[in-house]
Structures are given as structure tokens and as C-alpha cells.
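Data first, discussion second: the structure below is written as C-alpha cells.
Chain lettering (A, B, C and D) follows the sequence in which the chains are written, and residue indices restart at 1 in each chain.
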Amino acid sequence: MTSFSRIGVIAWIRNQEVLETLEKLVAFLTRKGFPVMVERNTATFLKSQSGAWMELDDINADEIDLVIVVGGDGSMLSAIRALAGFDIPLLGVNRGRLGFLTDISPEQLENAIGRVLAGEYQSTARFLLEAQVWRGNIVAAGGKAAHDGVLHPGQSVRQMEFELYVDGQFVYSQHSDGLIMATPTGSTAYALSAGGPILQPHLDAIVLVPMNPHSLSSRPLVIDGSSQIEIRVGTRGVPHPTITCDGQREIGTDPDDVIRVSRMKRPVQLIHPVGHDFYHTCRSKLGWGSRLDSVHHENGSPGS
Amino acid sequence: MTSFSRIGVIAWIRNQEVLETLEKLVAFLTRKGFPVMVERNTATFLKSQSGAWMELDDINADEIDLVIVVGGDGSMLSAIRALAGFDIPLLGVNRGRLGFLTDISPEQLENAIGRVLAGEYQSTARFLLEAQVWRGNIVAAGGKAAHDGVLHPGQSVRQMEFELYVDGQFVYSQHSDGLIMATPTGSTAYALSAGGPILQPHLDAIVLVPMNPHSLSSRPLVIDGSSQIEIRVGTRGVPHPTITCDGQREIGTDPDDVIRVSRMKRPVQLIHPVGHDFYHTCRSKLGWGSRLDSVHHENGSPGS
Amino acid sequence: MTSFSRIGVIAWIRNQEVLETLEKLVAFLTRKGFPVMVERNTATFLKSQSGAWMELDDINADEIDLVIVVGGDGSMLSAIRALAGFDIPLLGVNRGRLGFLTDISPEQLENAIGRVLAGEYQSTARFLLEAQVWRGNIVAAGGKAAHDGVLHPGQSVRQMEFELYVDGQFVYSQHSDGLIMATPTGSTAYALSAGGPILQPHLDAIVLVPMNPHSLSSRPLVIDGSSQIEIRVGTRGVPHPTITCDGQREIGTDPDDVIRVSRMKRPVQLIHPVGHDFYHTCRSKLGWGSRLDSVHHENGSPGS
Amino acid sequence: MTSFSRIGVIAWIRNQEVLETLEKLVAFLTRKGFPVMVERNTATFLKSQSGAWMELDDINADEIDLVIVVGGDGSMLSAIRALAGFDIPLLGVNRGRLGFLTDISPEQLENAIGRVLAGEYQSTARFLLEAQVWRGNIVAAGGKAAHDGVLHPGQSVRQMEFELYVDGQFVYSQHSDGLIMATPTGSTAYALSAGGPILQPHLDAIVLVPMNPHSLSSRPLVIDGSSQIEIRVGTRGVPHPTITCDGQREIGTDPDDVIRVSRMKRPVQLIHPVGHDFYHTCRSKLGWGSRLDSVHHENGSPGS
């Protein structure tokens, strides 16, 4: 694996812990002699303002080899969306609680990041979804999502009706609170709360999860990652259906707009320390059971 | 598309309707001049015993271009398992009720089959699962499943404990009534009853659905179709866990056996009339909603 | 059973079918010599304006023995809330599609209503929920619900945190899209879509159904109908949580408000034709299975 | 509250921890001068065999004021069924892990039991279900359940068909793996795994939870505790359906048998230390959320 040298750093500073970890990270990188570019907003929080900084929009693969994000899964989502399409890998440092996207804890920071920068790491490609609102022949609005795009009535608890098409084929019409369209990365987040399955992170698939559907036979549907999703909203009662991306960005629509959602062409590379294990994160965060005493493991390692 | 000439015919005769449809089919094929081979058991039910017949085990791609199965989804499952690996496409004729696997109704029989034999058809590849019971270094037992392999305690309502590994990685231990491992084809069957998602038929994925798990955080998991699944059963309380394939075949296991499940290399081709539509079957069988009056469709066909 | 003589009539006129049924009903009642009071708004739609009318707010048990509601379950909900506490029984006439609350179809109208008015009927008591928003020591707002009171963030797809207390005991804190508090009558409506159980109509119980809870162990909870429910909303992120009653009325709240929900003292009596059967409605509307051929019924009627 | 003096003691000795706790309990009671009767089987495990013992079947309210059960929820279930109808309250001592039925831990044993025996306790009444298998006019078999009676095909993973009647009314026919009929006490056990709601312990209700039903619209149903449940099993394919009580006792049936399930007349009194809190147990065992920082609690205790 290649090693990284020019490091970008981003944090969404919401509390003292994040700031402390950020300071520790920048100090470590500087001490080790790595050229560090801190995102402009992030830089304003640092005690020492001497370092280099750059605008988030200017980050590009010619100048940066790796972006390290300090924060929780929410910060990582923002960074992934901001850097989608730029071919810069991302590494997440959490605030002390294991996240699905951030798997270096502040205590391990120096050791773990040192190894990653030296080329000891694993990498997983995560695709994003792109949502477009078509008004006649033009794209009136759009957005990206690393977790999920959620169609909903925009206001209040009010059910809506819509038609779903996949690759041009009519799937169903549905009367519900809306529809969650999630990537494998997002399958452990909101889609899971709504009754969706968990998708292996590298699976090339999208899961569509109805929200409180009126019909009891409306169930989660897992479709190919290459699918073209199209939604046409019934004009009765809900004038401005909305698409929310990653729970963070809202896109409004007009009646008769057509909503198209599909996988973005270029995935984002997430960097993990060697030994990263998705199922370990599931066991830790979801409480899945660990090894059993009542199983004999002596015959070599399982799976061998 | 190539046309078919040498036709094999199989039916599991459980009632008069199936027999009538079978007679009608054989008469039609004979009248049209197709060489017809009826499976031996099936042939014993026919009024005219003059035609050619062959043993189920002897059916092979050198002598047969297409096998037509008369019956319900259950018959089709038996035929798929029997012919797995032989590279002979399968066409299903139902007994009057639309099935997920059998989409030619007795009324349309002559018209629909005529067109298929003339080369007007669609084809979908469906993979099967293969389950193997490893006892030390030997495979003590095995089975194939087109829908699902279900691990369960074998008797009664008694929970079991087991460890799940995917591609050698430990996933979780689980205390439950068992585990359903389903193909996309099987995702609309038993796995759906147990709370699993629906998988697009052509998706290269397997869904693992826990049955009444003790922990509320055990949820359906969708993994890559190429995954090597391994299960190690806890020896406490359940001496002979069983794998049931497609609800039809049972494979017993011993304590300390290791159960391995994976996709079979060669899929089966299912033949459908042109215009076959998986979502139409879902709408028909699951009651999903049809097109909405409140959506404007005038701007060209959706998806275009 | 007592017979009814002075009849009130209400309809929410949304389409021609409702109006026709209303005209038919009023003509029938007048022809039969019953004193009829039409609700003022409803009366404006009638061709003949000669009859008596009264304000919805003035309807009371001294002047009216029975109110007949023409419309769907939504209209019935509005009527139940409007008449809650007045001790006037309600009878629902639907627009042609069986409802859970309206079980006389337009075709049966004259026959079925004739019998009911003559005293041949069944009656079921349905309780309502009352929601109150406490701001310090005063009730800042309130509302009634025959189906459900739904706590939600008021806008958009945004999760909220709240604490739940039942009869003064702390139950849990929850991070979710909100909480549905439903009566048995409402258990077949929105609460069912969100994964709640069905409660027998006469059960003295309330079901609390979490909406897309972050924790997978948050499950529907069925509590005594006499319970005092109290909710305290976390002030983080969601400044104005809202209670929606029966999907029709919204009550806004302020940070630090305390929401109290409990059963109203006086239930509403719903009148049904003799032979009314809740499970028949479930089988019809939810697609539950009917009698089996494979069960022997010859030994007397089941249950005997 | 009355105090207890004559104490019965039962344990199902499955491991050393249970035996140690039992010894500690008997020593404590003897030291305090309480007349102790140890159940015969339990007594055989005790080092000192000098004390009084009695057969489980001979335990009655004339000689015993309180039975203390040492073990987990499973032991408590056995004791509840054995003592049902005898009007002797039960107190559970667990092996170190909080149970829904056993809420005194070995560490608190002396203190907590001392207070209970002195009259400081809470009591909750738990009803049991009684299942009867009717063959013509006779009861061919029967059983009691404190948690649940589960109807299932008896062998293997094989679906069954049955009709359900409640109070003589036909509810539905169902094609499924079986039906769980649970008390409120059982609603946090197997019924919960199968998707049922949680019922407040004192609710007078029974929950019916379908197991992997073929139809997606078959949902948990909560009925009045006084309901007479009747099940008629379809004779196709499943010759000997079985009722399992509390996962511990099996009752076989013949084709054409009628299964009747109803609440037993006399509930069992469970004794708890003062401060016992069902929701605390839920939070501990199910991981429900605790109090929030973001809620202001200063205005007096919630619920006041």
C-alpha cells in the first residue's frame, strides 16, 4: 500500500473533546514532519494559527493525499459528501465512542495514525447516492448522500402517496410516511430504525425502506447498486415533498417534479487501521453476541 | 434468442388440475411436432403411454433443450434442485394461481409456450445454495436449495445457540430458533415471513434472517452472493441441529459438525414469456399498490 | 335495547357519493317520520333546505338520541371528537367501502338503519384520549383523540429525545421520530403501520408505539387504559415538538412543557347493526384468512 | 402488609452458584429462627440434611406462608406452575443476573429477604394460562403456563394451518409456524422475540403472536384476559400439533382435537422488595434509555 504524506484535517467543533483531539492530532502530525493543511473553519479553533489552511472547496487530490476527520459519524458524513468525487481517501478519528465510520479512538491516535501513514491500513470503498429533482427537462435541485436519501412529506405527520420505478419498471405505489433509500453504509443508520436489513459495507446494493406504510405488505426491498430509482409523488394533500440527505440537507420539490436517485460514479475510499472489522463494530454498537463457550474452536481457526 | 426443440416435461401430480394441464401440454407439444421426453414418474399418469420417457437423473443438456415443469412453486423448486448444474433451462406452468416461479397459466398455455419455443422469451439466472456438513475433514452430508437453507434445532420449539462466520470473519453468536439463509429467489418466501427484506431476483446476494432471536438487535443481514457462510452450533441442549433445504429436504448434523453454505457455481436459467415482470408478481401476490390517479403520467413513459 | 327517535345527521361532504348517500338518508328518515336535525354545514349541501338544522356545538343529549355520520373513518373520527362527553351514540354510514368505524353501506342503508332505529343494534364503548400541554401549573393547550395522539418533532425528518413516565414511574428515554399513543380503536390505524399490535376494541388499554426508534430494543408497550402518561421532551435540537390528534389536529409545545395524556372519563357509544363483527372487518380490510376446508366443523358451532 | 413466618424453599440446582446461594439462604433463615421446609429434591443437595423437607406436591397454604425460589426465571416458571392454585406467594432469588421474575440478588439476600419477611414488600398478581386439548367431550390433555402456550407443528420446520376463535367468534385462519399465546408476564420472553408487544405486568390481557405467518398482515393481537381462546388445526400435513407450555412442557394433540386456552382463575402472588420497578428491569435487560440530561427535572418529581 502507498503511504500518505500531505495530510488535510477537518473537524466540526461541537465540544471541548473534539477540539482537544484535534489539537493533539495536529501537534502529532507536525512533530512527525508531515505537511498539514487544516480546513479554514477548523483552523480558527486552533491555539496556534501558524499552520497552513485551505478552503474546504479547494481541497483536491493534487495537494492532499489523505483527509483526517475528527468527530463522530455525522462529521464524517459531511466530509464524505464534501469530498465526493475528489479521489481523496478519508480517515475518521472519533471522540471516544466507536462509530461505524470513525474507528480510531483518541487514545490510540498517535500509534494508529502513525501506522496508517506508514502504509499499514485497510481501505473500503463506499458509494454515495445522488438525488436529482427533475422539473420537465431540467434538474431543478440535487444532493448527495453517503447514508440515505429520505423522501417525506416535508412537514408534520402526514402520509403521502407515490409511485416507485426501478430501471424504468413500475414497482408499486405506496401510501406511507415516506421512503428511505440507503447505501450499505447507511443501512446501519436510519434505515435500520425503520426496519431495514443490514447490508455488508461493500455490497453493491441499495435498500429501499418504506416508512410506516399503510399496507402491511410493503417491505424493505434490496436492489442492485446500479439501479435508476425514480419516484413520482401523488399531488393529493402533500404539495411539497422533500428529500433529506443524510438527515442534514433538505431538497424541496414541486408537484409534478420527478425525483431520480442513483449511485454516484466514484466511490469514496475510507481508510481503516489494519484489523478493522465491520462485524466487531456491529457487536459493539448493536450488542450482537460474542464467541460461545459451548462451541469447540480447537480445530484450527474458524473459516479455515 | 435461440429456439428450443427437444422438450422435457415434469410434473408432481398432486391433483386433477395438474394432470389435466399436463395432458394438455403433452398433447400440444406432440401436435406441434416437438420431440417430448416425459419424466418417468410423470409419464405413468398419462392416458397415452406411447411417448418417450426418461429418468429424472438421466435428463441432460445433450438430449433436452428445455424442461417444462407443471405445478406450483414447490414443484418448480424440486425441479430446479434436480436439474441444478445441468445447464438446461426451466419453464414453469402453474395450476391457475400465479407463482413467483411459474408464470404461465393453463389458459395461456398453447399461446405462451408456442411463443417461448419459437424463441420469444426472457431468461433470468437464479443461483442455488449448497449446504455442506463438515465432520472433521470430510463432508458428512449435503444439500442444495433454490429458496433457502434453514438451520433449526430439529425438534420442537427449543432455542439454539450458534456462531456465524462469513468469509472466515466472526459475525455474531446468536440465541434463536434458527437461521434462514435465502437466495434472492427465496427472499419472497419463508425469509419474508420471518421479517427479511425482498431482494431483486438477479441480485448477487444472500440474506440471513434470524428466527425469533432472543436479542432484539439481531436483524436480517444481506451479504455478497460469493460469501462463504460457516456456522458452528453450541453443543448445549440441541444435540442434532438440522438444515432444511427449501422446506423439503432435511440434513441432520452431529455435535461439533461445521455447517458451510455457499452459492453453487452454475445458476439455473428460468425462462419466462416476454413481458415477464417480477414487480407485477409482487403486486399480484403481495397486494402492492398499482398506479395512482394522482400522478401525472403524460410526460412520456416513466423512467424514460 | 331502547329505540332512537330524534336523529342528528352529520357529513363531511368531500365528493358526490357522500352527498348522494346523505340525501338518501335524510329522505328516508323524513319519510319514516323521524324528527331529523341536520348539522348546519351539512345542511347547506342539501337540495331541500326546509328541514331543521343545528350547530355542531349545540348538539346535546336532551334533543338528540342518535347521530348518524355519513362518510369514511376520518369523518367518524371528527364526529367522535366533536361529540365526546355528550352521551349521544353514533352510527356510521360509509361511502361504499367497509370501514372500521362505519359499517353500514349505502345499499343497506334503509334496511339497516330501519332496524337500528327500531332498537335492533349492538353497541360498543370506545374511549378517547385527552392530551394536555402543561406549562408550569397551567394547561397551555389540549386536544382529544379517538384514534391516537402522536408526538413528533413538528417538522421534517428529525429525531427527538424524550422521557416517558407512566403513573409517575420513569419508563425510558427514547431517541426516535416520536411516539404514537393509541386507543384500541386506533390500534388498527397508524399505530399498526408503525409496528404496533391490534387491540380488541373493548380492551381497556393504551398502546405506545415508538416511531423508528434509534435503539432496536424499543418496542410497542401496552398499558392499562387508566394510566397517566407523561412525556418530557429533551430540549436539544427540537424546539417545538407537536402532538397530532387523529392525524387531524396539531398541538404545539414549548421547551420545558410537560405533555400529559390519559383516557377521557366518558366513552363514546358506537352503534352497529346486529351481527357486527370486528374480526370480519379485520379479515375484509387486512386480508386475514377465512374458514379452512381442512378443519372439521360438524361437531356443533365452534366455541360452543 | 402481613409478615411471613413459615418459609418453603425450592431450587433447581444446575450449577455451583445456585447451590451456594441456596445454602446461604437456608442458613440465614435458620439463624433467624424461621421454620424452613425445603423441597425434597432440593434438600438432597444441602450439606446439612437435618432440616425439615416436604414433597413439592404437598406444599400448601396451611403449612407454608411464602415459598422462596432460588434460580433463574426458568426455575421461577417451574415453581409458579407447580404452586398455581395454592394461594402461596412466591419470592425469587436470582443467581446474580437480574431476571424479570427474580429480583433479589445473592449479595442483597440477607438484607432484602429480612425486610420482606418483616412485611416490607410489594406484591404483584400474575395470572397463568390453562391449555386443554378436547377430544370430543373429554379433556384428553392439559397444561398450565405462566409465560406462554405455544402451538406448533411438533416437528421440524413445517408450516401449519389453523383457525382461531375468541369467545366463540371466528377470528382468522392462519398459515404459519404456529401461534404464541402469552400472559403479560410472558410478553417479555418468547413472544417478544417473535415481534409481540410488551404488556404491563398487571394488565388483564393475553397477547397472541403469530410465528412467521405466511400472510404479512397477520399481526400480534391483544385480547381481554377473560377471553376463551379456541384453536382448530387443519388436518393437512401436520398430524400431531403440539402445545408447549413455558418452553418446558409439551402436550401432543390428535387430528380433530380442539385446543382451548384461557386464564386460570387464581393468580399467583409474586413478592418483591419495596421499590421493585418493572421498567427498571426492562431498562436493565433490554437496554432502554435512562434519564436525559437535556430534560429539566427541577420542577418537582415527574408525575407529580
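Assume a contact is a pair of C-beta atoms (placed from the backbone, for glycine too) under 8 Å apart; a residue touches a chain by one contact, two chains touch by 3 or more.
These figures come from a predicted structure and were not determined experimentally.
Visitor: If every chain is reduced to the average of its C-alpha atoms, which one ends up farthest from chain B?
Guide: Comparing chain centres, C lies farthest from chain B.
Visitor: Out of B-D, C-D or A-B, which pair touches the same way A-C does, with over half the contact pairs the same?
Guide: B-D
Visitor: Would you mind pulling out the distance in Å between where the CA atoms of chain C average out and where those of chain D do?
Guide: 35
Visitor: Using mean C-alpha positions as chain centres, tell me how far chain B is from chain C in Å, no decimals.
Guide: Centre-to-centre distance between chain B and chain C: 45 Å.
Visitor: Taking the mean of the C-alpha atoms as each chain's centre, how many Å separate chain B from chain D?
Guide: Comparing mean C-alpha positions, chain D is 41 Å from chain B.
Visitor: If a residue has to touch 2 or more other chains to count, which residues of chain A qualify?
Guide: Counting only residues that touch two or more other chains, chain A contributes 192, 216-217, 219, 286-287.
Visitor: List the residues on chain A that touch chain D in their complex, please.
Guide: 216-217, 219, 287
Visitor: In the complex of these two chains, what residues of chain D are touching chain B?
Guide: Residues 150, 152, 154-159, 176-178, 190, 192-195, 211-214, 216, 242, 244, 247, 250, 286 of chain D touch chain B in their complex.
Visitor: Hey, which residues of chain D end up touching chain C in the complex?
Guide: Within the complex, chain D touches chain C at residues 136, 161-163, 165-175, 187, 192, 196-200, 202-203, 205, 207, 215, 217-224, 227-228, 230, 232-236, 256, 258, 277, 279, 282-283, 286-292, 294-297, 299, 301-304.
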